[in-house]
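Across the two complexes that follow, chain A remains constant while its partner is chain B and subsequently chain C.
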Partner chain A sequence: MKSVRHHLIVAAYYIKLSVMKQLEYPLYILGTMLMIPLMYLTGILLLYYMVENFHSLAGWSFPQLAFMYGLGYLSHGVMMVFSVQNWWIGTYVLRGEFDRMLLRPLSVFFQFSAMYFNVIGLMDLFVGAAIFFYACDLVHFEWTWLSTINIILVIAASSLLRSAIFTIFCSTAFWTKRSQSMVMLLNEFMDKTTMYPLSIYPHAVQMVLTLVIPIGFISYYPACAILGKSSSIELPVEISIWTLLTSITVHLLSRLVFRLGLKKYESTGS
Partner chain B sequence: MRAYLYVAKMRLLSSLAYRFDVFTSLGTGVIIAVASIFLWKAAYSGTDSVSGVDESQMIAYVMVSALLTAFFSISVAQTLPEKISQGDIVIDFYRPINLVIKYFAEDLGLAAGALITRVIPMLIFLMVCFGVSAPKTSFLLFMLSTALSFVIIWTISAIIAMLSFWFFQLGSLSDVKDGIVLLLSGQYIPLWLFPKEIQNVLSFLPFQHIYQTPLSIYIGRLKPEECLFALLIELVWAVFLILALFLIWSKARRKVLIQGG
Partner chain C sequence: MFIEVDDLVKEFSITKKKKGIKGAVSGLFRPEKINLRAVDHISFGIEESEIVGYIGPNGAGKSTTVKMMTGIMHPTSGTVSIGGLSVHADRKKVVSDIGVVFGQRTQLYWDLRLGESFELLKRIYQIDSKIFNHNISVLNDVLEIGKLMDIPVRQLSLGQRMRGDLAAAMLHNPSVLFLDEPTIGLDIQAKRAIRKFIADINRLKGTTVILTTHDLDDVEQLCKRLIIINEGRLVEDGPLQAIIDRVTPYRYLVVDTVLPLQDLKHPLVKAIKKEDTCFWMKFDKAQISASKLTMELMQQYPIKDIRLKEPEIEDVISEIYKRRVD
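After this line comes the complex of A and B, so read on.
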């Protein structure tokens, strides 16, 4: 209990410091924040005009697609706020930033996870939430106590899952020293697999996205469950439980990979 | 001329230096192509044609669009603002060559690198896995149109980058440009799916010439005489944007000198 409190206090200090650091450049934050909605608009407009012309996409209507899109981007927003530092592992390795963390008497993974609170990411979160609530309205989502708790759990689990997948893949930077191009690849991959129903892909690809890299649990399976659509791969038992279990498993795995990578870390120089 | 060729060559070689980056960029290109193919296949199931374009044409459209996306690797929108905010731009001013042409040569080198490491492997992959249909009208017209597209997207990127001379605190404006191009150029979604009024407005903007014009030529959506007319409009845009670029550059140069004191 005492240790939990200690971790919370340290995390709060980290967040305070990183927010203050970023507020040094208010114009930069403002500029970037204004640009973010534009990127989301592109995706939702693509879906809208596609359905407008083709009536449906693999049996999904526009409101249903928007719901899945919103769910996917809400988890993206949470990741952008709390764990965007995954994107920069390569830079940290090159600059030897992990030296300082290794010297402190706290888990390096904890320090790494708590060290950055991305102010700009709040815009991602805000736009993602706006799209999500708009889509909830479109599909006539019924807000009861139970369904609300379910949604909150799903969002928490899918955010954790998304961040964990990024941690696993970006930890390759401990070996390769570069993460920029890996981040671009992952972003593109996540976009294409969380925006559209997985059922548009061949069965083998769906299996990979369910069992090997379980991206399907970020938005597709939860959206299927909540909207009452049948997915092409049937899962036993309630899907929300699967989402939760998968995200915790992958999160634990990501800590393992991160720790393995850190063993490979050799500071700067030489 | 030799100096610019040398710049382009160095840029080409440095883009090949990091093998890991080469493979991940290729992976990114393949993901974009494959995902779009399945997306449009799903959309077309149960529909024969929309706006006179059938499924096989649409598949060719997205395949070639993914190849163009890989080919148009343009770095000026990232490197120039960085040089300006770090002050490294001063070193470039010492060089006895035209900087605009130097930056263009750099990106030509980068595009040549992309051709070798991404476009050709992607093309082979797509031919083996899905089959790529040959251009419906003339391949020469498609190549000409693509060359002009490159000039148009490069000048737009360079103009955006030069705005950093005035607004360097605003962060990277190039993301906005990327978003606008993605939406309005037909790179991602063909503009003929938009409502008529929006299409009319867009026809007065340069963006659709970056992707949609060469792609429409490729899939045979334009008749041969329409192709020539489209090429003419592209040419006009390219010339206009080049003039605008040099005008802004001459203003921007002075801005830096003033800042330097």
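After this line comes the complex of A and C, so read on.
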């Protein structure tokens, strides 16, 4: 209990410091924040026109697609706020930032996870949330106590999953010292795979996105579960439970990969 | 021993780069790896409250040793323990009782006021508010950080920043302080302030200090004991004066005579050079004391002035650096 309190206090101060740090450069924040809604709006417009012209996409109507798109981007928003530092592991390695973390009496993974709170990412979060709640309205989502808790759990799980996948891939920077191209590639890949229903892809690709890199659990499977659509690959038991289980498993795996990377760092330095 | 370094070895695997495009391509397929031994079977112990200078030429393995002693880097073999705990197995426990300052790299938040970094450390090390305020005021007495507290770190001068870094490293009352080139790039006044700080905390709090530096004035003024490494190996370990005596047992005598003399002779003295009435000579202080030699010379020759010269530390150290390690 005392240890949890200690970690919370430190995390809160980390957040405070990183917000203050970013407010030192307000124009940069403003400029970037203006760009973000444009990015999302082009995405949703693309979906809209696609469905307008083809009537539906693999049996999904525009409101349903918007719901899935919104869920995907909401998790992207959460990741952008809390764990964008995954993208910079390469830079941290080169600059020897992990030295400083290794000198503190706290877990390095904790320090790494808590050290940055991305103010600009809040824009991603707001826009993602706006699209998601708008889509909830479109699909006539019924807000009950139970369904609300379910939605919150799903958002939490899919955000955790997205961040964990990034941690795993970006931890390669402990070996390669470069994470920039990996980040670009993964971002692009995640965009494409969380925006459209998995069922538009060939069966083999679906299997990979379910079992190998379980991106399907970020937006597709949870959307299937909430909207009552049957997924093309049948999963035993309730999908929501799978979403939760997958995200926790992948999160634990990401900590393992991170720890292996850190081992490499401890043996070679920067 | 409070700090024990036992048979420490660190090897790096380095990829040898060949010339030109052809070399770069062949390096992709058949990389030629060489094992570089940066630290080669180093052992030593440090008692509580010692100030130890850890010196050596560039690339001797100083920083690598310090990184292993502070738990940042894992050794290829060998162990380091502080206060009976293994630095690598008990990292969190050990680091809560040590402070580390790298002269080349700040641990302060660049964009924020100095006080902010201290507040973060207060939370990380769970320092009680009363102790924290007390430590800040003590550190302020020595380092005068009070007036720097509200200035963003990026706007501090190098000397001010270093004072901030030293204070940050001492906030949680560590029993050991590692300083990796703390005076690098500083002006004379800033260097003096830092040296005074090191001497003060050692005297007042009994903090053990391990200091790596290229500035021999740091060593001379602070360290009663010196550990010298070269090419990854420990080559000297002991009090500065003892090392000097061992490396050069010689002292120099400069003698001024009343009239120009043809020669100045003594069986235990070796003449080095002569300028007019001035004779330079060298003697082994184990064979004859300076006072006895002076007396004997004065009885023999019409002497106006005699000066005794100690060897320059810089010469001695450079002599040690030059020695081949075998």
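What to note about this one:
Note that in this section the second predicted complex is superposed on the first by the 265 of 270 C-alpha atoms of A that agree within 3 Å, B and C clash if a C-alpha of one lies under 4 Å from a C-alpha of the other, contacts with A are read in each partner's own complex, and residues count from 1 in each chain.
Simple rule for what comes next: contacts are C-beta pairs under 8 Å (C-beta built on N, C-alpha and C of every residue); 3 or more make two chains touch, one makes a residue touch a chain.
Note that the structure is a prediction, hence the values are computed from the model and not measured.
For chain A, the partner touching the most residues, choosing from chain B and chain C, is B. In the superposed model, A:Lys21 makes contact with chain C only, not with chain B.
When the two structures are aligned on the shared chain, A:Thr176 is found in touch with chain B, with no touch to chain C.
Shared-chain residue A:Pro105: touches chain C; no touch with chain B. Looking at the shared chain after the overlay, A:Asp137 reaches neither chain B nor chain C. Shared-chain residue A:Leu57: touches chain B; no touch with chain C. In the superposition on the C-alpha atoms of chain A, no part of chain A is touched by chain B in one complex and by chain C in the other. Those residues of chain A that touch chain C in the complex are listed here as 6, 9-10, 13-14, 17, 20-21, 24, 96, 99-100, 102-107, 263, 266-269. Residue ranges on chain A touching chain B, taken from their complex, read 25, 27-28, 30-32, 35, 38-39, 41-42, 45-46, 49-50, 52-55, 57-58, 176, 178, 180-182, 184-185, 188-189, 192-193, 196, 199-202.
For chain B in complex with chain A, the touching residues are 18, 20-21, 24-25, 27-28, 31-32, 35, 38-39, 41-45, 47, 50-51, 167, 169-173, 175-176, 179-180, 182-183, 188-189, 193-194.
Put simply, chain C touches chain A in their complex at residues 12, 64, 67, 70-74, 91-93, 95-96, 98, 100, 102, 105, 107, 109, 111-112, 116, 119-120, 123-126, 152.
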